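In what follows, chain A forms one complex with chain B and a second complex with chain C.
Then we have the complex of A and B:
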C-alpha cells in the first residue's frame, strides 16, 4: 500500500519537474504550430478582416509549376538544401578535427584554445555578417587586398558563384563550428583510457586507434551533432539575408527568406504558413531518416 | 536569426493575435483623448532629432501629450501589420512611407486626412504638392507629409581637384557625367570615377535615370519593364562598368558606399539620410541634386515619410493629432538637422533652413521628385526587376533577356 502511494507521489513530483517545460512547449510551440496549420488552410491576408477557407489551395499553389509561389518556393527550398549539403559535412568534420586538435594540446593551452574556437558562437549573426562583409568586400575587403599583394586577381566573394556560397558557408562554419567542437571534446573525454592502452599493447597505430576506438565510441554524439547541425542549417536566414541579400539574382535566397517575405512584406500568412509547414515536414522526414540510417548501421555491426 | 525556427515564425504571429484578446479595454476618457500614441521607425541617428520635436511640443502646451515610440526600422512594418491585424494597442498616429500607403488605404486601414484639413488648423497648402500627391490613393489623401527624401548626388571634392576638375561644379548631364567619371578613374590607384551599385541604392538610381528618359515602370495597369527606356537605362549603367570601366565590377552590398568613404570612388548616389555619416567621415564632399542623365527631363526618385492615422473602432483622437501636426509643420527644423528636408513650406522656405549646407539642395529636388508607381506590394513587385538588374550589372545576364524575365515574373505574380 505504502509502496503504491510512494510511486504515485513520485510520479506526481516527476510531473512537476516536467511541468514548466510542458507549459512552455504547449504555449510557444504546440499551439503556434496548430494555429499555423490552421492559417495555412486559409487565404489569410494580414490586413483583411475576413479569411476565406481554401482547404489545400495554398499547398496546391506551391506544387503547381505555373504559379509564382511555386517558383519562389522551389528556388528557396533548393538553395536551402544546397546550403545544408555544403555546410553540414564541414561542421561535423571540422568540429571533430578542432576537438582532436584541442585534445592534443598541452593542458595549459587547452582552455585558451577551446575558448578561442568557441567564442564566435556567442556573437550575434548581424555582427558576424558585418565582420565578414568587411573581409569579403570585392574592392575594399581584406581578402582581396591580400590577394592583390600576392599579385592575384581579386575574387568577387559575394557577388558571383560559387564564391557567394563559399563565403556564406565559411562565415557559418566560423560562427558555429565551436559548438560542435565543445560537444566532441566532451565525447572524447568520455572514451575510456583503457581502450587506448589496450590498443597500444596490441601495437595499434594512432590512425587505427582513431578509426577503431575513438570513432565508434563517439558515434551517438556524432548522430546528435549531425541531426542538430542539419536542422540548424535548414533554418539558415541571417547570413544570406545580411551578406548577399539573396544575390547574385536570387541564387542564395533561402526558403526562410521567402517565407518571411510572404508573411511580413506581402502579408500573405496563408501561403507563408503553408510553406513553413512543408518545410517543417521536410525537416522532420530528414531527421527521421538520419536516425534510422545510423540505427541500422549499429544493428549491422552488432 | 539562425535559430529562428519555423515554429518561431508562427509564434510571432500568435503573440500578435493573442495580445488582442487581453487587457487594453480602456475607453477613450477625457484624459486619454488628449494622449496621442505615435509610432515612428527612426531608430537611426534621426531618432533623437525627432524626439526633440516631440519633447518640445509636449513642453509647449499643457492640453495634449504625445507618447512617442521608436520601433527599429527593420521591424517597423512587421509590427504595423501585426497590430493592424489584431486591432489592439494600435497607435493613434504613425509614420508611413508614401509608396506603402496604397497597400493600407485599399484595405481600408487608414483615415482620410481631409478630415484634418477641414479644421483649418492644417491646410493642404502648407505642404509641398508633390508630397501630398504621393499620399493620394483613388483621389483621397491619406497622409500628412513629414519630409521628401529624393536621391542625392555626392562627390569627393579632393578627387575632383586632383583630376583637374572644378570641385564646386558637379556634372550636369550624361555627357559630362561620363567624361568626369573617366577623368576621375585611376586604375593604378584602384580609384574609380563612379562605382555603380548593384543592390541597395541601385533601384533608386535606375528609377531616377529611367524617369529622366521619360520611361515609366508601370502605367495603366501594365508593367513596362521591357520598354526601350528601361533597356537604355540598364545598358547605360552596364556600359559604365564593362565598357568605360569607370566602376569596379562585382560590387557587393554597399561596396560603392565603402569605396566612397575610403576616397576611392569619386561620385556617389545616396539618400539625404547619409548626411550624418558623411559629416563624421571628415571627408571633403559636395552635395547637389542629381545630374540629369536621361535626355528628356529632370527627375529624381523620391519617397516621403507621412503621418497616417490608423482607423480605430473607438474613434480617432483628431483634436490632439491636428494640434500636434500643426506644431510639427511649423517647428520641423530639428528634423532638417538629421539631413532631411521637411515637406512643410513653413520650414523649407525659412531663413534658418536655407542657411544649412545640404538640406536646401534636397529641397531644390522637390519640384522634380518622382515617386515609385502606386502599385500594391510595390516593394515585392519591383524586387523582380531589381534582382534581374543585379544579374546584368554583375555581368551574369544579357540585359534584354533580364528585363523580359523580370516582366514575366511580375505579371505572373499579379495573376
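Then we have the complex of A and C:
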C-alpha cells in the first residue's frame, strides 16, 4: 500500500523538507570546502585585495625543508602527534578501566560514580585551562602546596619540560576520559551474560574471561573510541593556547595554533589553508588506517 | 566475594575524590577573597564572601560586560540548537520517508561530510562571513554549526526504524505530510530531538576557536572566549574572581548535564557505534 502519492507537486513539497538543511549545508560546508581549496592555491594576504595564483606553491613550501613555513608546519605537526601519542592510550585504557570499575560496583553506587567520572566533560575548554592554570600555579597552586607538604620542591608545571606536556595531558584526560567510559559502560552492558556463564562452566578465570570474552565483544566500540579520541586529540588547541602559550619555547605549540597564527597573525591565508588541508588529509588517512587495521584483525581471527 | 567489592569501592572513592578535587577547588576558591585565594590552602574560606560573584556580574569598575557574555552564550546556544533540531528533523524525515528528488545523491553526500575535519572550513568561513559583513554578529555565532550532518544522520536512523502504521493511519484520516510530520512524527521523536538539542547546545556553548576568530567586539564575546580575555586581562591573578567567573560559566552546562544526562548518554551510545 502506498498512501503517499507521487505527483509532481507532492515531490516538490517533499523537497521542501530537505531544502532548509540543503541551504545551510551548501552555504556553510560545501562552499567553504571548495573555497578553502581555492584559497590554498593562492598567495592570499588577508589585507591585500589581489591574490596571485600559485598552484601547489603553498604546499611545496610546507614540504621544502629550506623554508620557514616548513619548520613551522613540522614543529606544529610533530607536537600535535606527540600529544596524540601521549593522550590517546590513556583515554582508551583509562576509559575502559573506569567503565570496568563502575560496572563492578554495587548497583546503588553505579549511577553516582558514573556521574562523578563523567561530569567534567560538561566544562568548556577555557574553564578547564583556567582552572588547571590555577591548580598548577608555581607559587600558589594547589599541586605545589601539596608537594611542599610532602617536603618536595615546587615544580614549574607549565614552563618546563616534560611537565608542560604532563600538565596538558592530565588536564585533557581529566576533562574527557569520562566520555569514553560512558561508551564502554554501554558496550559492557551489551555483552550477553550467557557468554560469561559458558566461560564459568569451562572454568575460566576472571582474567581469561576478560581477554577472551569481554575484549573481543567490545572490539567495534574500542575501534570507534580510538578513532574519535585520535581525531579529538588532533584538534587540540585551547589547552596549550591558554595553559602554556605553546611554551616553553614552541615545544607545546600544536599544529592548529600554528595554522591560526599563520592565518590571523601573519595574515597568510593561502599557506594557512594549505596547512589546514594537509592536516585534514593526515587525520582522514589515520582514521582509515585505524579502521582497516582492526578489520584485518577480525579477518585473521575468523 | 565480599572482600574484592569493598576494595573496589575504596578505589572508586579515591578516584572519585581525585576527579572532583579540581571542581570543588574552583567553587571553594570562588568564595574566597583574592588575597586568601593566593595564601590559604584551606578548602573552606576563612572569610566566606559573595563579593567575587557580585563584582563579576555587576562590578562598577569592570570594563567588560560579563553578564552580556553569559546572555550571548545562552542566546546562541539555545537559538542554534532550536534551529538545528528543526532543520535536521525536517531533512531527516524527508530523506527517511518522503519521495525527495535526488535522495540517492543527497543522503550519501550529507553523511560522507561527517568524515571531513572542520579545520578545513574555518578560514574560508571567516572570509565568507567577512564578505557578507556578518563577522561580529549573532549570525556568525550560530550558522556555521547548522551545517553539521550529525543531527541529520542521527534522526535519519531513528525515522528509518519508526513504524509506518501511525503515519499511514493519519494520511488515511486526511492529514497532509506537514500535519503528519508535526502531529505524529515530531512528538514520537521527542527523546531523540532532546538528545540532539543538548549535544548542539553543548557544542555551541563550549566552542572556543570559532567565536574567537569570528568576533572581536567585546560586546559579542561568548562566556567561553570571555574567560580567556579575563584570564589574560584584568583578572590575571585575581583567582577568587576568576573562579567565580568559571563557576558561573559552568553552571548552565552542569544544570543541563544533571537534567539531561540520560538523553545525552543515549545520544552518545546511539551514534556511529552500530
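The criterion applied here is as follows: the second predicted complex is superposed on the first by the 273 of 302 C-alpha atoms of A that agree within 3 Å, B and C clash if a C-alpha of one lies under 4 Å from a C-alpha of the other, contacts with A are read in each partner's own complex, and residues count from 1 in each chain.
Following the convention adopted for this analysis, a residue touches a chain if its C-beta (ideal position, glycine included) is under 8 Å from a C-beta of that chain, and two chains touch if they have at least 3 such contacts.
Model, not experiment: these values are computed from the prediction.
With both structures placed on the common chain, the touch criterion links A:104 to chain C but leaves chain B unconnected. By the document's definition of touching, of the two partners only chain B reaches A:247; chain C does not. Once the two complexes are laid over each other on the shared chain, residue contacts for A:68 go to chain B alone; chain C is not touched. In the superposed model, A:293 lies in contact with neither chain B nor chain C. In the superposed pair of complexes, A:267 makes contact with chain B only, with no contact to chain C. With both structures placed on the common chain, the touch criterion links A:14 to chain C but leaves chain B unconnected. Comparing chain C and chain B on the residues of chain A they touch gives the larger count to C. After overlaying the two complexes on the shared chain, residue contacts for A:120 are found with chain C alone; chain B is out of touch. In the overlay built on the shared chain, the residue A:157 is in contact with chain B alone; chain C does not reach it.
Contacts of A:29 after superposition on the shared chain: both chain B and chain C are touched. Counting contacts by the rule stated earlier, residues 28-29, 31-33, 35-36, 39, 125-126, 133, 140, 235, 237-238, 256, 259-260, 263-264, 269, 272-273, 276-277, 279-280, 283 of chain A appear in both its interface with chain B and its interface with chain C. Here chain A touches chain C in the complex through residues 1, 3-4, 6, 10-11, 13-15, 17-18, 20-22, 24-25, 27-29, 31-33, 35-36, 39, 98, 101-102, 104-106, 109, 113, 115-120, 122-127, 129-135, 140, 142, 145, 174, 179, 182-183, 186-187, 220-221, 224, 228, 231, 234-235, 237-238, 242, 256, 259-260, 263-264, 269, 272-273, 276-277, 279-280, 283-284, 287, going by the rule given at the top. Those residues of chain A whose C-beta lies close enough to touch chain B in the complex are 28-29, 31-33, 35-36, 39, 45-48, 67-68, 71, 125-126, 133, 136-141, 156-160, 172, 176, 232, 235-239, 241, 243-250, 256, 259-261, 263-267, 269, 272-273, 276-277, 279-280, 283. On the side of chain C, the complex with chain A involves touching residues 5, 8-9, 11-12, 15-16, 19-23, 25-26, 29, 37-39, 41, 86-88, 90-91, 93-95, 97-101, 106, 110, 113, 115-128, 143-144, 146-149, 152, 168, 171-172, 177-178, 181, 202, 205-206, 208-209, 213, 224-225, 227-228, 231, 239, 242-243, 246, 249-250, 253-254, 256-258, 261, 265, 268-269, 272-274. Of all residues in chain B, only 1-7, 9-11, 13-14, 77-78, 81-82, 84-85, 103-104, 107, 109, 190, 195, 198-200, 248-255, 258-259, 262, 264, 377, 379-380, 387-388, 390-391, 394, 396-397, 409, 412-413, 415 touch chain A in the complex they form.
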